[in-house]
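Notes follow the structure.
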Amino acid sequence: MNTETIQSGEKYALELKNITKAFGTKVVANKNVSLDVKFGEVLAILGENGSGKTTLVNMISGIYRPDSGEIFVNGEKANINSPKDAFSYRIGMVHQHFKLVDIFTATENIVLGIDDGSRFNIKKSAAKVAEISERYGFDLDPNKKIYNMSVSEKQTVEIVKVLYRGADILILDEPTAVLTPQETEKLFAVIRRMRNDGKSIIIITHKLHEVLSISDRVAVLRRGEHIATVNTSETDEIKLTEMMVGKRVSLNIGRSEPENPRDRLVVSHIDLYSADGVQRLHDVSFSARSGEILGIAGVAGSGQRELLEAIAGLQNNVYGEITYFDPSNDAMIDLRTKTPMQIRDLGVRLSFVPEDRLGMGLVGNMNIIDNMMLRSYRGGKPVFLDRQPPKALAERIIESLQVVTPSAQTPVRRLSGGNVQKVLVGREIASAPSVLMAAYPVRGLDINSSYMIYNLLNAQKENGVAVIYVGEDLDVLLELCDRIMVLCAGRITGILDGRTAKKEEIGLLMTKAKEVQRDND
Amino acid sequence: MTDNVKTAVPKEAHAGKTPWVTITKRDGVGLKRRILIRVAAIFAALVLGSIITPLVTGDNPLSIYGTMVKGAFSEYRIWGTAQSFVMLLGISLAVTPAFKMKFWNIGAEGQVLAGALATAAVMVGLGGKVPDWTVTLVMIAAGIGAGTLWGVIPAVFKAFWKTNETLFTLMLNYVAIQLVEYFLKIADKSGSNTVGPSLLTHGRLPVLFGQQYMLNIIIVTLLTAFIYVYMYYSKHGYEIAVVGESENTARYVGINVKKVIIRTMALSGAICGLMGLLLVGATSYSIDANLAGGNGFTAIMVSWLAKFNPLLMILTAALIVFMSRGAEEVSTKFGLNSSYSDILTGIILFFIIGCEFFINYEVHFNRRRGAKKEEAE
Amino acid sequence: MINGIMDFAARAILQGTPILFGATGEILTEKSGNLNLGIPGIMYVGMISSVIGGFAYQSGGNINPALAIIIPTLSCLLGSLIVSFIYAFLTITLRANQNVTGLAITTFGVGFGNFFGGSLIKITNSSAPYLSLTKLSRIFSGQKIVPDSAPWYQHLLLPLGFLVYVSVVIALVVGFVLKRTRVGLQLRAVGESPATADAAGINVTKYKYLSTCIGGMIAGLGGLFYIMDYSSGIWSNDAFGDRGWLAIALVIFAVWRPSIGIIGSYIFGGLYILYNYISVSMNMIPIMQMLPYIVTIVVLIITSLRKRRETQPPASLGLNYFREER
């Protein structure tokens, strides 16, 4: 049984050896990744969106299985097929999306699914929860209902849930993404206490200052590959950014000089609150100009979605001013208090390619023609739909954008990701917008489709459209955009010239929230 | 630290856990295959029916199905079959827009009764006091209006406060039933359970071509065309489909979701009210609590089985009516209870409901190629 | 006076008990996220199954009190189990639409009951359109007529057969299990958020099957009570009326808590027969019988207006669960 335990040198809590995982035939999420975690240490895994961090830890926690490679726990080869298996190896993961039953108390959620044969006694469990909370310094009321909790409290429940099951290896997937700086500090204090208790903690993040403040070592992933693991004490933000974003890659996306740029959309001092009262945007001000592509960079969840939705009239709690300048006569139109319908009725030609293509931009079960109609069906004859124009449009888009589909009658959910996006972008461009907003328009697309989208955006720009492009690939932003605005935790941390900006500079601004916060104080 | 080494690893953690069967959602099953699966299901149900029926009747299965055909289509029963068919189809069409919107209106029974009750009340209340054509006009307005009201009430609560519409519409059925009972008590002092043709004489809708049910047939035919066009070719129908598929998308393109919910349920209720109007004012000239005869519930199944397509509904409604009319004949012939048709209908429904699974999902059987051994090493 | 009130209370309890069985079963089922609109049909099948079992036993001649209870009860449980299982299989394994499946079950169940009820009536060659199991019923039911001279508490207690107590005990046990046990916690998690339960390692399918089948059997006992106690063993087609739907109404009225269901069922029962005890015209009877539904609608509206999380329907009610394979 123990023949394999004799390993060379130091013993590790967790070792990954040559882990490879691919989804389908195209996307390789992790390529030959080898990592190790010591007892009583905090390892940060750092990488951009799509660098394969979450996939990697999902294999440790039993959600995915590696295609090849091995995992060792305490020096023994581990066979992890399910989250339950992971728990039997004392590995627990706190996901980004909490899995909690809203109407249960903290304790009820924590003990859910545990059947150790003992008598069910919720009071005793609550006492144990309180004890764990005290030991690590969590601020948690065991009897509080989840629906009464803040995001940070919910996260605490998830962490205690893992500790309650006796996990020795904790994986935290972007735990600070949803927290305020104060809450983050509290969480880090807890993490340090857990580390001092001998536990091993893997924390995923892309915020550099957090990596530097909490971790003992940092493993950097880029495009699914493990770049290096370094001791935190021997590195700094610049070095880490270089490893994370890599050398600048030339993509040869064309970029013309903006012609006669004029303010088309001016956003000033926007504050925005989500439905549950959390502030998502802080004092955001910028302008989008005709004949120009304004890029928005930032780690996922920095407020990009909320910003675009606020402009499109889909957010309720927005304060500040959003002004649209009519290209024909430069009349100012206030958009902030308008619904999408009112915006349209005012003759504002605003197009929006949302991030959630099949959940918001398109109806998956409808065919291409009917999806074309989403924007235009109100026009034309009264009462009845006129399917001729959308049909012609669908056919035009299929042909000009080379959409691969059996016919225009095919439900869009049966198309591949790239083709879905072509349909969506094609429709939004077709209404001859004067402002075009696109959120992650190339996410999940192959190279050719991506270039087609870049070209479409460039063509719009050359037609005098004010284009707002939310992207995640810095190389693309640098080659495509005339100006790049960086969002971090709902604040603008910089607006740079796309032609002169440095990749590292953007990388730093994307992770700067804390410094900016300090400046404001 | 040594504690960590002793980490208990339960044995089952090592067992390869490839399940013996995996189910995946599937997409884009060809039309041919979809039809084939459904036909197979109906066939299987008929086979099961032909195993059970002889056990009860002692007759051979083929002759039983012969009897059923006779029961549905023989000369003196065909008009009755047609009447049952158009009523079921009409109510199925009524619930369809709501279902397409994913609003689970199971209150059609009550909406029909509300329409019927208003019709009968007008016939009794105004009959003889004003000219008959006035009675007719008021009847039409009242019947359709009452159905609309019965549909709109739960819709308003759903739209503004997300009140569960399934439970709300279900409860409203029984409110309508008891209102009808109340009407029977006050309108007919003799204490019988129906208010019959002798009281409902004024304002009757015209009998066309000397055929009692012709008006209903014509109206439902027009209605089928109307709903088909409404659902597939009108802007309203399009909005309904968008709201049903994704409220998020509806918001994104600026559709007023609340308005669409209320408007659609008004239509649903209005058509149910129309059916109630026809049942009382053009068909039986009588009313009782069982007037809708459960069609409000059966219609839900008809509409769902047809995937909310009005043209397919002609087939599914015909199938159900054929089963029940046919089984009535079987039970008469063999001296069985007339409820036999409900049993056969139930069995067919189970099969058709169940077969949808094989259209929407794919089942793979995994061979366990000694997975356990391999992993235990 | 007091005797009159006690008589009324006893009648209200007898009216309420079948509804209580149905509602308790439905609560258990709904807590797993399955909205079983087949409950009226299942109660009907439970009823006819106990009649068939009882009829077969009674025809044999000698009647042993223990067997007279066991045989109809077991056949009732078996009948309602089979029908609940059909519902469970279609909705849980085959993921069919719950509303449609439930309604089909009710069509089938009521048809099944009336068919066999009608056929049995025919077999007995009786001239009356009903079937009588009076000998068995005497063992199940309480004393229906209590002399005026009896002390007040006898007016309340004597009419109640043992199944009344069984219904209360079952409701309390179900309430206890849901609220205070590990199984109950996990079941509620399944009904609230099957994905969360699944992630916590709970076998969602197993919980849904068990709660649907056990819930169906409890509801079936409502049929047993109705035929053996309430109607003194006399079966006639369609006499059961809308009690199955009242049971579903009661679930809402009781905001998914069996203990409130006990009180609620007696209130429903009382409203149902109140016209016998107060001076209203015969015309008002339907209005009185409408009250349980009106009250239920009011409760439904109030709970949705107040948005108190504890009184909402289980969050996944009516939705089938399917875990996407990764």
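Structural remarks
Per-chain numbering from 1; labels A, B and C assigned in written order.
Note that contacts are C-beta pairs under 8 Å (C-beta built on N, C-alpha and C of every residue); 3 or more make two chains touch, one makes a residue touch a chain.
What you are looking at is a predicted structure, and each value in this text was computed from that prediction instead of being measured.
Centrality annotation: B (chain centre taken as mean Cα position, compared with the mean over all protein Cα atoms).
For the criterion of most C-beta pairs in contact, the winning chain pair is B-C. For this pair, chain A with chain B, the centres built from the Cα atoms lie 44 Å apart. Note on chain placement: the centre of chain A and the centre of chain C lie 50 Å apart, centres being C-alpha means. Put simply, the C-alpha centre of chain B and that of chain C have 25 angstrom between them. For chain A, residues touching at least two other chains, in rising order: 84. None of the residues of chain C touches two or more other chains. Contacts with at least two other chains are made by no residue of chain B. Residues of chain C that touch chain B in their complex: 35, 37, 86, 89-90, 93-97, 99-101, 103-115, 117-119, 122, 237, 242, 245-246, 248-249, 252, 282-287, 289-290, 293-294, 296-297, 300-301, 304-305, 313, 317-318, 322, 324-325.
By the touch criterion stated above, chain A contacts chain B in their complex at residues 13, 39, 73-74, 79, 81-82, 84-85, 88-90, 168, 198, 312-314, 339-341, 343-344, 352, 354, 356, 359-366, 370, 373-375, 377-378, 383-385, 411, 413-414. Across the complex, chain C is touched by residues 22-25, 104, 106, 157, 161-164, 166-168, 170-175, 177-182, 185-186, 191, 294, 297-298, 300-301, 304-305, 335-343, 345-347, 349-350, 353-354, 356-357, 360-361 of chain B. In the complex of the two chains, the chain C residues touching chain A come out as 180-182, 185-186, 188-189, 192-193, 195-197, 199-202, 309-310, 312, 315, 326.
Those residues of chain A that touch chain C in the shared complex are 63-64, 83-84, 99-104, 108, 111-113, 115, 120, 122, 145, 147.
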